[in-house]
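Two complexes are shown next, each including subunit A; its partner changes from subunit B in the first to subunit C in the second.
Then we have the complex of A and B:
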């Protein structure tokens, strides 16, 4: 009964995520076509779309990772279904509130809603509090879900076990920590921390909004908190996907299950520290930020990418190199996703280098790298899980021809769409421009190219959506 | 239970009295900053024909918007600016354009005004009339209102900084301190100007508190807030582990 309930909740998550993904990609394409002057939106509409696009994308791929981890975690510990459902309800309500603030109230401060932009009201007066309430609802739901999963793990595993500290010294410890448990716990701690940062941020924003001028915030503190939350959650959601890959890649490829080794344990423990301090690289241009924190930002950005990425790529390489694998859509998505994550990560490290950041800051390079490790990284991790999950209960055989077509469209569309960003960044085309002036005419051409390739990517997603959602609806309406 | 929760959240979200923060001078000063000023054709008092951007291309401009029949803030505004600039040792990198926004003003009116302030032959001061007042005002974000009962314009005391590329770099509303005027000049000369929030009771959680006497920054309470999420998170982690361990022990005993 409990297993059936979790199965249905997970299926519902998948359908919701895919529907919101299609809408959000469409908004992205509309924005690129507007920049290319194929469409003509008002700047307000453009920035409202940008706000919704950014926040919805971050939200859905975070919950997709959480839903996947929650489903797989049931193999090791019983998880709370109530928290899962609560998070789902909060997510739906939060997204609807967010969309209402942007599409009806025309709130358009961007997904980073950098202080004091939300208070520089250039939209309906009610849109700012509604936007802040939408974030509060989302944070509440996700916080409860995170705490529930952490509690489930800590019921069974001690601190030493859940963080795999016994693997540091002993090659064959008495009790082994599965890689999935280790990575999930490390990631959940990071998520909890960044959600608490969001709570502090929201409390301060509400305090100023309702103080009517008697309390004002410190812009430097607010920017630090915004990126503590925003940067960290955007990275932690990748790690949720990696946890699932560590569990499923070998399994779906017909290979022996991966085990935690000393270097895997050390790498992931170090990742927790580095990922929580890397966000300082978003403040390189803030001259009031102490220089020491800027250096911490650069070092943490370098170091964060080494343990998790290095160990994961090494593990995948060992699994694939000269080994006969049962290649299928699930492990293909995982494999390409890891490649995309590494490429996007390299782009991020280049930008996080202070001397490079002087050139690349707020150019199209930035959306270039984060779209790479999302559209061709994290999204593929979750799509791999969706495919694997839906096939567990499928009655119909898999159509491999449409799988091949879908994969081709995703990769081809993704590479073309991302290349337009990278070329724009290398050409110093600024990001977040609704319309490019004549001096930046190259930006217009690249936007059209980007929009066209993103449409190819969307086509691939639509094929996937039809196939997987059909199976998920089957699961949702099944009696068992 | 969830239904009630959803209902409560919806009531909280929609039922709360929603109010906007009011606009203030600081916000209006931001309007149209970093936009190009309208390139209005000008007639200067010594008979030359020019335009705003042409003058700005030669040297950055501080534009003072006034009218000659003004019985209000125009004179104090010009006197304040004149006093400030007279005391500045290094002049000559920019000019002041006193620009009338009253269609009734002619060249002679401006000449008279310049003479009245002893500025008619002073280097770096230009007085001019503008045939495209509405477009100029719109590009600046300046909206004087005609009050027919007083036969006067109801308007702000406004100084506009324009750099040599024709961009509005800063606007100052009201009679401002030397400090603000110095920043206005720095902005039109494309000079970097760091700014610090002054200590005040309304900003309790600053990351750093700037001491204007020593010129040093001291760490503030805000820095603690950056560390707070990590501290709370690890406290929660320990708390949960202790709670579940106790529960596990109790269940084993039972």
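Then we have the complex of A and C:
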């Protein structure tokens, strides 16, 4: 009964994520076409779309990781179904509130909602509190889920075991911590920390909003808190996806299960430190930020790539290189996703170098690199899970021809769409412009190219959506 | 500089994709008896070591070039006060009073001499990004309410330099701009 409930909740998560993904990609394409002057939206409509696009995308791929980790975690510990459902309800309500604030109230402060922009009201007066309450609902739902998962893990594993510290010295410890458990716990700690930052940020925003001018926040502190929350949660959603890859890649490929070794344990423990301090790179151009923190930002951003490349990516290479694998859509999505993650990481490391950021900050280079490790990285991790999950209960055989077509569309569309961002960044085209000035007219052509390739990517997603959601509806309405 | 970074990125990305394709094709060609990579731990540790050294070199070369250290020991020949607000910039060679903010109609700066921009905001966060006469972004800082960011730069080419706001600041963000002349 419990297993059946989890199965249905997971299927519902997947359908919701895919529907919201299609809507959000469409908003993105509309934005690119407007920048290319194929469409002519008012700037307010453009920036409202931009706000919804950014926040919905971060939200859905975070919850996609949550749903996947929750489903797989049941193999190791019993998880709280109530917390899972609560997170799902909060996510749906939160997204609807966000959409209402932006689409009806015309709130358009961007996903970063950098203080004090939400208070310079250029939209319906109710849209700002509704936006802040929407973030509060999302934070509450995700916080409850995170605490529930951590509690579930700590019931079975001791504090040191859940972080695999016994693996540091002992090659064959008495109690082994599976990599999936270790990575999930590391990620959950990161999520908890950034959600606490979100709570502090929201409390400060509410305090100023309802104080009617008697309480004023500090802009630098608020910016630090915003990026500690925003950057970290966007990073953690990737790590949720990686936890699933550690668990499933070998399994779906017909290879022996991955084990935690001393270097896996050390790498993941260290990565927690790097993930939590890399966000400083968002404030490089705020010269009043203490220089020490700026340097920490660059070093942490560099160091984060060591465990990622040296442990996770190298483990994928070891698993694949000269090994006969049972290749299928699931592990192809994982494998291509890891490649996309690496390429996006290269773009990120270049931008995380302070002297480069001086000429790349807030140009199209920035959406270039983070769309790379989302659209061709993290999204593929989650799609791999969706495919694997839905096939567990499928009655129909897999159509490999449509799988090949889908992958081709995703990769081809993704590369073209991303290239337009990188070339735009190198041409100093600003991000978050509804229209480009004549001096930067190259941005218009690149936007049309980007929009056209994003449409090809969307086509691939639609093929996947039809196939997987059909299976998921079958699961949702099945009796068992 | 940006185009060099693009070439570096494209080269690294192409190399990474080539490795992934090579690893993938080795698996497609593999027979059931083949046993994967030989001495993987040794190779992994070498890979991490090389990556650490490369990143260490990158960090030690690039950190001293950070904008906070640019011309730090020199005295500026000209100071420009910048107050950003939705959706315009005020530029003045005299200090700007936030209660009665006023800018100068035209700013002319000397070529090949150090200029310091003291950048703040009167409302929300803005960007202060300087574009060369050939429309390349050459230097930037943020304009933050309650703080003054000091950006130092030497302009080598005479001409008209445009300034664009590079931090999203509201509905007319895309038209927030100004310019100055370097002679």
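By definition in this document, the second predicted complex is superposed on the first by the 479 of 480 C-alpha atoms of A that agree within 3 Å, B and C clash if a C-alpha of one lies under 4 Å from a C-alpha of the other, contacts with A are read in each partner's own complex, and residues count from 1 in each chain.
Please note the rule applied: a contact is a pair of C-beta atoms (placed from the backbone, for glycine too) under 8 Å apart; a residue touches a chain by one contact, two chains touch by 3 or more.
Since we're looking at a predicted model, the values are computed, not measured.
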Superposition on subunit A - do subunit B and subunit C clash or fit: clash
Go through the superposed model and pick first if A:196 touches only subunit B, second if only subunit C, both, or neither. first
Thinking of the overlay built on chain A, is A:342 touched by subunit B (first), by subunit C (second), by both, or by neither? second
For A:466, using the defined touch cut-off, is the partner it touches subunit B, subunit C, both, or neither? Pick first, second, both or neither. neither
Can A:155 be said to touch subunit B (first), subunit C (second), both, or neither? first
After superposition on the shared chain, which partner residues are touched by A:288: those of subunit B (first), subunit C (second), both, or neither? both
Would you sort A:218 into first (subunit B), second (subunit C), both or neither based on which partner it touches? both
Could you look at A:350 and tell me whether it touches subunit B, subunit C, both or neither (first, second, both, neither)? second
Contact-wise, after the overlay, does A:125 reach subunit B, subunit C, both or neither (first, second, both, neither)? first
Partner contacting more residues of subunit A (subunit B vs subunit C): C
State whether A:19 touches subunit B only (first), subunit C only (second), both chains, or neither. neither
Could you tell me which of 40-48, 166-174, 202-210 or 220-228 in subunit B overlaps subunit C after superposing the two complexes on chain A? 166-174
Can you pull the subunit A residues that subunit B and subunit C both touch? 120, 218-220, 287-288
Residue set of subunit C touching subunit A in the complex reads 1-3, 5-6, 8-10, 12-13, 16-17, 19-20, 23-24, 26-28, 30-32, 34-37, 40-41, 43-44, 47-48, 51-52, 55, 58-59, 62-63, 65-68, 86, 123-125, 127, 129, 131, 135-142, 144-151, 162, 164, 166-175, 177
Interface residues, subunit A side, partner subunit B - complex: 85-86, 89, 93, 97, 119-121, 125-126, 128-130, 133-134, 137, 147, 150-151, 154-155, 158-159, 189, 192-194, 196-197, 200, 204, 209, 212-221, 224-225, 228, 276, 287-288
Going by the contact rule at the top, pick out the subunit B residues touching subunit A in the complex. 2, 5-6, 9-10, 12-14, 16, 18-21, 27, 30, 194, 196-197, 202-208, 217, 220, 222-223, 225-226, 228-230, 232-234, 236-237, 240-241, 244, 247-248
Can you list the subunit A residues touching subunit C in their complex? 43-44, 47, 108-110, 112, 114-117, 120, 122, 218-220, 223, 263, 284-288, 291, 294-295, 298-299, 302-303, 305-306, 309-311, 314, 317-325, 327, 335, 338-339, 342-343, 346-347, 349-350, 353-356, 358-363, 365, 422-423, 425-428, 430, 432-437, 439-440
